[in-house]
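Below are two complexes that have chain A in common, paired first with chain B and then with chain C.
Moving on to the complex of A and B:
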């Protein structure tokens, strides 16, 4: 009888400690957790005239680097500037009209497809529209 | 359970953990007439731990730059998930820490636990009290609100009354002639680095002294079997036949801690603006002084004392003398009697002092 009473009280104590720990840990977890940005909620506007033909413009999109490229001969493309290999940030090489990832020599064409090096897949394309001289990404 | 027991066995054969538990916890005997006031030390340790954890969490988003501090605190309150809870716990906790510390000191005073051979315990505790006031004062500036800015201006300005070195001391404290960005840098370093390190060292010293001298027997309801210490040689005050710290007194500690947490969380959730006047929500402006700026409640008596004396130096001296007398009390009050009702002079002085402090605080609040 004594042992079961002790076991019962011990179990209550452990349960209470667990509830208090969880109640304390949850706000701390939420406080520390990175704030999530839903890309669908983010819109970035860039004037078309800021991106000259044959050049690229890097910008921040939903907390991550992105790039607009104005291809020679016309046509715009917008990508995430994060290399699909190990997450380094790609660079635009104007002379070669392609992207180079300086970490491990990955190469992407102006269309975002892999042309050399270790990247396993093309650059992630971002949705955009062009209206009234402004490129709206997102 | 078997796995836990085997793990404990594994540790025990290496470092003798069961022996430490027997000696320091289950075999650590306390006086049979020990009362709840003795658990305030444990309550204070919990409060300090909460302050450290919430302070570290605040450091993640707080920016100690005069141009960004106020916005960073506003963002913590309004944007960061549960930031309001962490910040309120820290701000309310600092006030509660001063209150609990005052109660702890009063219990030690009335039960005569500061008396020989516990002079060092009292003095380390007193320095801890001063450091807690210091950490509260320095932390008050960090939100960089009108309240922080002008309360710090008033608080640091009082050192001007010290003859000869006063003005230089004020300039040194502020890092300039007026409170400004250099003050924030200094106070931030003191608040998050220097003073907490000092508090940790002093808590360690305070607990070490407590362990070496042994817990004092409350002066109520039990005749002291031990002969009083005569100062001839070191003696640990043990309590044969007393109650074990674990589980008996640990549960009493736990009860006091939960009572404290209930009061603390009641303020956090039901009266969160108790310690925040409206100036706390306005960013600091060095060109606009708000009317009737007041320090925190625990500095109101000091504030009012400075106001009632015609000369600030006299006000400061009176406070300095009072604090010094309190610090060296065990060397002044050398009688062996510890029961408060058998110490009429002590009772008259201490109750008079408490009423004076309360009176000055209320006067300071409404002045």
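Moving on to the complex of A and C:
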């Protein structure tokens, strides 16, 4: 009688241990598992001819504003258009060839580095490739 | 046995006291660090007659003080050197003339300045028109709410009718922004990482408030439509967070129940031996 009772309680304990283990392991798995929507998986194509030299083109990338700048003298750069200070959307100043944040006057050069104002870090660069006349971001 | 219990209790009390005292010392240390970095303007001006000390008291209640934007951020000068703090050679600007106030504030509030200058208010600059401080005050600049557009302030110069229309055009969107802001604050209290949604909301809020300086009801109505769509996205993100929190609470209850059940089962099992 005691033996069968012990077996029953043992089985229940194993079941409880399984529940506790699963509940403990799930958050760890959630933390380590890749995100469902990985911005790196999103690709956006923009024809090179749409971005003239000395100008910038804003577009939507993975639900967030981004910008391509075609620097004077050549060279492309692609950034998140979100200011690193408080999250406002930066503006391209063609005459000055830099970015201005209208909220608190943060300034970034055409290569994304902070040149003035309160932003604590440079603009986030986005990976891109150029092939067959198309800039592919992501 | 009794003496042993008393000994253990004394040790526990001692350890707890040491921990609490250490935490308090750490906190005081942090406060001291902040105070040590105080700029020279504050202690000096605080001891001066009312005319010169009042700005300090007003500033201390402002959104600028809350965000660490001190005297020198606007007035220039050297906040680390009491002797030369107000030297023009160190970039001290002093008090701007009324017509220079928009440019003074606009060094940081670039978008607002642009919209203000394009407005009827901006066109009246230097001709009796309002400046930033007419509505926002000077040192006690508070976080903006729609209450800033009120009959008392606007009626200083003109009737309230048009201002009321502008306020009404913003009311619905502003109410949503405030509601979302409150939701984000609640999430922050629980230690949730809200940086992204906070920044998104700040950008939208700033966009709406900045545009309000154009004083054109139609532009505000059009912008509000776009902002409302973006607010819906933020609300959706917050709803996802709410769902996650609910799941976590349920999971917590299950785990605690399972642990209690395990303890009971172990107790019962011990009795079988």
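Note that in this section the second predicted complex is superposed on the first by the 102 of 138 C-alpha atoms of A that agree within 3 Å, B and C clash if a C-alpha of one lies under 4 Å from a C-alpha of the other, contacts with A are read in each partner's own complex, and residues count from 1 in each chain.
In the analysis below, a residue touches a chain if its C-beta (ideal position, glycine included) is under 8 Å from a C-beta of that chain, and two chains touch if they have at least 3 such contacts.
Quick caveat: nothing in here was measured; it's all calculated off a predicted structure.
Of the two partner chains placed by superposition, only chain C is touched by A:102; chain B is not.
Once the two complexes are laid over each other on the shared chain, residue contacts for A:28 go to chain B alone; chain C is not touched.
In the superposition on chain A, A:5 makes contact with chain C only, not with chain B. Put chain B and chain C next to each other and count what each touches on chain A; the higher total goes to C.
Shared-chain residue A:46: touches no atom of chain B or chain C. On chain C, the positions that touch chain A within their shared complex are 107-111, 114, 196, 198-200, 202-203, 206-207, 210, 233, 251, 254-255, 258-259, 261-262, 265-266, 268-269, 272-273. Contact residues of chain A toward chain C in the complex are 2, 5-6, 9-10, 12-13, 16-17, 19-20, 23-24, 26, 63, 82, 86-89, 100-105, 117.
Touching chain A in their complex are the following residues of chain B: 57, 60, 80-83, 85-86.
Interface of chain A with chain B (complex): residues 27-28, 30-33, 35.
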